[in-house]
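Each of the next two complexes has chain A plus one other chain: chain B in the first, chain C in the second.
Up next, the complex of A and B:
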């Protein structure tokens, strides 16, 4: 039993934080189940009076939401697959092998994560149009990996560090190649890490708006964030529909995070504090 | 004539082989980043020297005209200034929020593990969801949460139009963006805080140091390397923010919330002046590199412990 040595200040700060982070989510999720009149009522009650699935029904049956959902899933899984391959290879190279320029290249790679995407959007549009990838989901996968992979490399560091070097050396003495060491020893032993970066890549892709708004032209190739933003842009906002859409987009992220969240946060922080 | 020794591949020593393998392992990532970051950057320099308006059309080289036009444009410098205020505003608010959260989550309490993981929630949801959430919460025409609350408290009679004037729109955006990003900073600060050896605090308590003194003389110095990384990356990431602003105000009212990323996007894809947007991008990249170099020079911590 750990004794709680909390102070009043701690309780107050935690309470305010919980309200600041969670209340907005509650209000939107609750709103998505309210009747159309109640959604836009001035001073709606804290708990919806009668629950309805009407907005979800409209969203799934009468709007292009299912198409957007499918596109988003394709892009997210594509991003995930490429990110996992590219960044586990790179993480092994960076953190387990010694070569000249390693530190420098690693830092340059990490800066890519913070690189302003908007500076790339003009030339990227030109590049994708040269390659004939405008209006294709592949273009989004390519660009999402660019912004997911560097951080994924960073996250793998913490997980690779937990594997003793002796284990690798023993395998190499037994005749295993470095690639086999990575795929047969390192990756199976760092499964939570691999899952974390996979989910990070999924979330990055799931969230991406800017490139998707430019590189995709036709409605049936659109991803969820751009599709949902289209509903916001309409003259008469159908709030019920919008809130149901926002809730449904958030759901997969929350489910994935519930499965792997702890490892995810551990991996995220390890790079920063060495 | 090949002798048996000639046919053997050149023997590399262990170190050379390891270096070669290292390069091989990182090659896919490097190629990817070169193709999607380095090459486009070079392409944008190329583009900025022409007068392309719509992609696919060709144009002749016009030299540095676009640079002259951008550098002489008050609206561009206005956007740079707003980006500066944006970075500072976000830095202050997020530092306050993240430090309070990290310090509160540092000490154990029932449910602390759950709280330490789920604090990240607002960072992982799609930006467009954050936009929907806050548009709805701040709605003045019914359905909102904040305005009815303010009316009940008697602070306003008919509700506040949060995006109505330039100042309130800007401040509101800073709050919303901080809501989204402070968890990211919190999680990293918290990890650093948890690594400060607890016997340091115990020794300080025995010597009679106050909580404030402990924070000033133990926590802050040991946090220096982390604060340096967070300061650099956080500033760049803040600068980057585009979609929250674009989706909530589109840079308005009357370009009062037009930061540099919004301006580049607008110039390229709403006004169809690609070359000019490319010149803006190159100038901005230069400004950011200068900032980063300055930051590293001024703030890089000396090797702590």
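Up next, the complex of A and C:
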């Protein structure tokens, strides 16, 4: 009886929490299918009275949304790939190699988070201009990797520390090189960690606004968060377009989580309890 | 030898062709424009005009790169510092001093004079850009805030469009019934609140933010009266109004939850997102205090010249001459019908402006907006006294902060005016 009560309480609490979290998403998605009159109504009904795809049509046909989407995917996957490669190599180096200043250098990677991004706008703009990367998606990948990698390095290092040293020693005795140990022994065993940093890098890149708005100049290089802000307008807002854009912008993240979200949760838990 | 001769001839031909091509490219003057009119339909309209100009002027290529108002204050100085700024950049009056102060702008006095002779600029459009011995932007279009109202709501309540503050507060009170708010006003530290507050200040006789010697004069009885009146009106606004920007106010109006709002325009939203009849959309000048003349806040938007290349200057002059011709100017303004108002006399009469289908449907409203804009003022750019330090006051939304203090913190208007005066003095020190 006590157990049943406990379960019921859990269900109620989790149900309330789910409603609290999901309601705004429902409102956005439902709104994207409402007619313009219903979207701006102060007391809109819970369920759309009539469904329309008008806002999606306008967004996809009359705006550069598809271009922005493609650019965001390139930047997010590029950031994800570089972050995973750089972070796993760096984390393994910090974990396994012994060299002077190792601890200091590991701590120094966190300096990337010490400064508010806005302070870095002008110097970053100057650096990217010198490198000829202004108005290039590569500039965003470089910036995003810079900010994603430190956290990813720390996280991967924590994962590597959970692998028994004997496994590596056995592989080395069998003639494996350091790189083979990393790729054939360590990475398969830390797959949840790799998935975690991959998702972290993807989501961070997907939502990055400030540098994307400053370093990108032309419309055909713009990413979704910045591009969508421009489509919506300042003085006159097309609310239906805004809601359709907000719905579509979340889709890739939802799909990614559906595919490898399980590993992300496992990874976060494993890293936390090491 | 037999093999080499054709090769050499081929190489020579290739070099000659590439040299000719290079010559052709060099003969073209390229102009890059940054503007902040990002919505796709505005970008399309500007591109349409650029294509026409480029086709008619083979020696010039004008390109656009739309930017965002939110970032341009940081992005433009960074681009100037890095040496990859655009040749032309759209501006509002308080943005121009930022770039003029770092020596990034070229004076455009001669271009303005030429266009003025041909089309007759309204003085109020040029004045905000004329200081420090030059004119720093060519005015392109104007925006002015008016009082928008639902005509059927007023008629049903037996209320006439207000002209004075007494009329206004009485009307708002009468119109506030179940589910309807007499007015929707914002009260946050945002540009929209700056604008609505200053609109009331103008109508209280407090349009001057500076004394002639450049000291701030925010702490005065007229400003306090405007802040106090703002608080009285705000009491009839929806509970969430304090956080509004332009879009939320417009949505409140379009959904008929707000009977009145202060806004640059509501025409496009009213026309496309509601089933309202154009005849039911009312607009009047903002009511004024009994002791003051009427007026409003207006923004003369212009374009600044950043390049000192003589060929690019000549190309700019040619492009702006094309843009301001009555045949093209109206189409440029109607990239957002009913929002952008002409800054020239010929533009105000241009068929290209009035023949747009939406301009035709809402002609009475646009005529009223145009009339209101003639009495437009902008904080820091009034009475021929231009104080570029207004950029610092504007950046911190200090005018809006005064409103917030009165409306949300229940501070007395006199006290708020005094406190914000001190903050303004700190900001420009």
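Definition applied: the second predicted complex is superposed on the first by the 229 of 274 C-alpha atoms of A that agree within 3 Å, B and C clash if a C-alpha of one lies under 4 Å from a C-alpha of the other, contacts with A are read in each partner's own complex, and residues count from 1 in each chain.
In this text, contacts are C-beta pairs under 8 Å (C-beta built on N, C-alpha and C of every residue); 3 or more make two chains touch, one makes a residue touch a chain.
None of the values given here were measured: they were computed from a predicted structure.
Peer 1: Which holds for A:120: it touches chain B only (first), chain C only (second), both, or neither?
Peer 2: The first partner, chain B, only.
Peer 1: Who does A:146 touch here: chain B (first), chain C (second), both, or neither?
Peer 2: first
Peer 1: Report for A:77: first if it touches chain B alone, second if chain C alone, otherwise both or neither.
Peer 2: Neither partner.
Peer 1: Examine A:95 and indicate which partner it touches, taking first as chain B and second as chain C; both and neither are also allowed.
Peer 2: After superposing on A, A:95 lies clear of both chain B and chain C.
Peer 1: Who does A:62 touch here: chain B (first), chain C (second), both, or neither?
Peer 2: In the superposition, A:62 contacts chain C only.
Peer 1: Give one of first, second, both or neither to describe whether A:230 is in contact with chain B, with chain C, with both, or with none.
Peer 2: Once the two structures are laid over each other on A, A:230 reaches chain C alone.
Peer 1: Does chain A have more residues touched by chain B or by chain C?
Peer 2: Here the partner covering more residues of chain A is B.
Peer 1: Look at A:21 in the shared chain and tell me whether it touches chain B only, chain C only, both, or neither; answer first, second, both or neither.
Peer 2: first
Peer 1: Considering only the touch criterion stated at the top, classify A:40 as touching first (chain B), second (chain C), both, or neither.
Peer 2: A:40: touches chain B and chain C.
Peer 1: Classify the contacts of A:219 with the two partner chains as first (chain B alone), second (chain C alone), both, or neither.
Peer 2: Touch partner of A:219: chain C, not chain B.
Peer 1: State which residues of chain A lie in both footprints, the one left by chain B and the one left by chain C.
Peer 2: 39-43, 118, 121-122, 125-126, 129, 210, 214, 226, 229, 232, 239
Peer 1: Enumerate the contact residues on chain A facing chain C in the complex.
Peer 2: Of all residues in chain A, those touching chain C are 36-37, 39-43, 62-64, 118, 121-122, 125-126, 129-130, 134, 210, 213-214, 217-219, 226, 229-240.
Peer 1: Could you please specify the touching residues of chain C with respect to chain A in the complex?
Peer 2: By the definition above, chain C touches chain A via 34, 38-41, 43, 65-71, 74-75, 77-79, 81-84, 143, 179, 246-247, 250-252, 254-255, 257, 263-265, 268-269, 272-275, 336, 339.
Peer 1: Which stretch or stretches of chain A touch chain B in the complex?
Peer 2: Its residues touching chain B are 2, 4-6, 10, 13-14, 17, 20-25, 27-28, 31, 39-44, 85-87, 89-90, 92-94, 97-100, 102, 105, 109, 112-127, 129, 142-143, 145-146, 149-150, 153, 178, 182, 203, 206-207, 209-210, 214, 224-226, 228-229, 232, 239, 242-243, 245-246, 249-250, 253-254, 257, 261-262, 264-265, 268-270, 272-274.
Peer 1: Quick one: which bits of chain B touch chain A in the complex? Just the residue numbers, please.
Peer 2: 15, 18-26, 28-30, 32-33, 36-37, 39-41, 43-44, 47, 55-56, 100-101, 103-105, 107-110, 113, 115-122, 124-129, 131-137, 139, 141-143, 145, 148, 151-152, 179, 183, 187-188, 190-192, 195, 225-226, 229-230, 232-233, 236-237, 239-240, 242-243, 246-247, 260-261, 264-265, 268-269, 274, 277-278, 281, 284-285, 288
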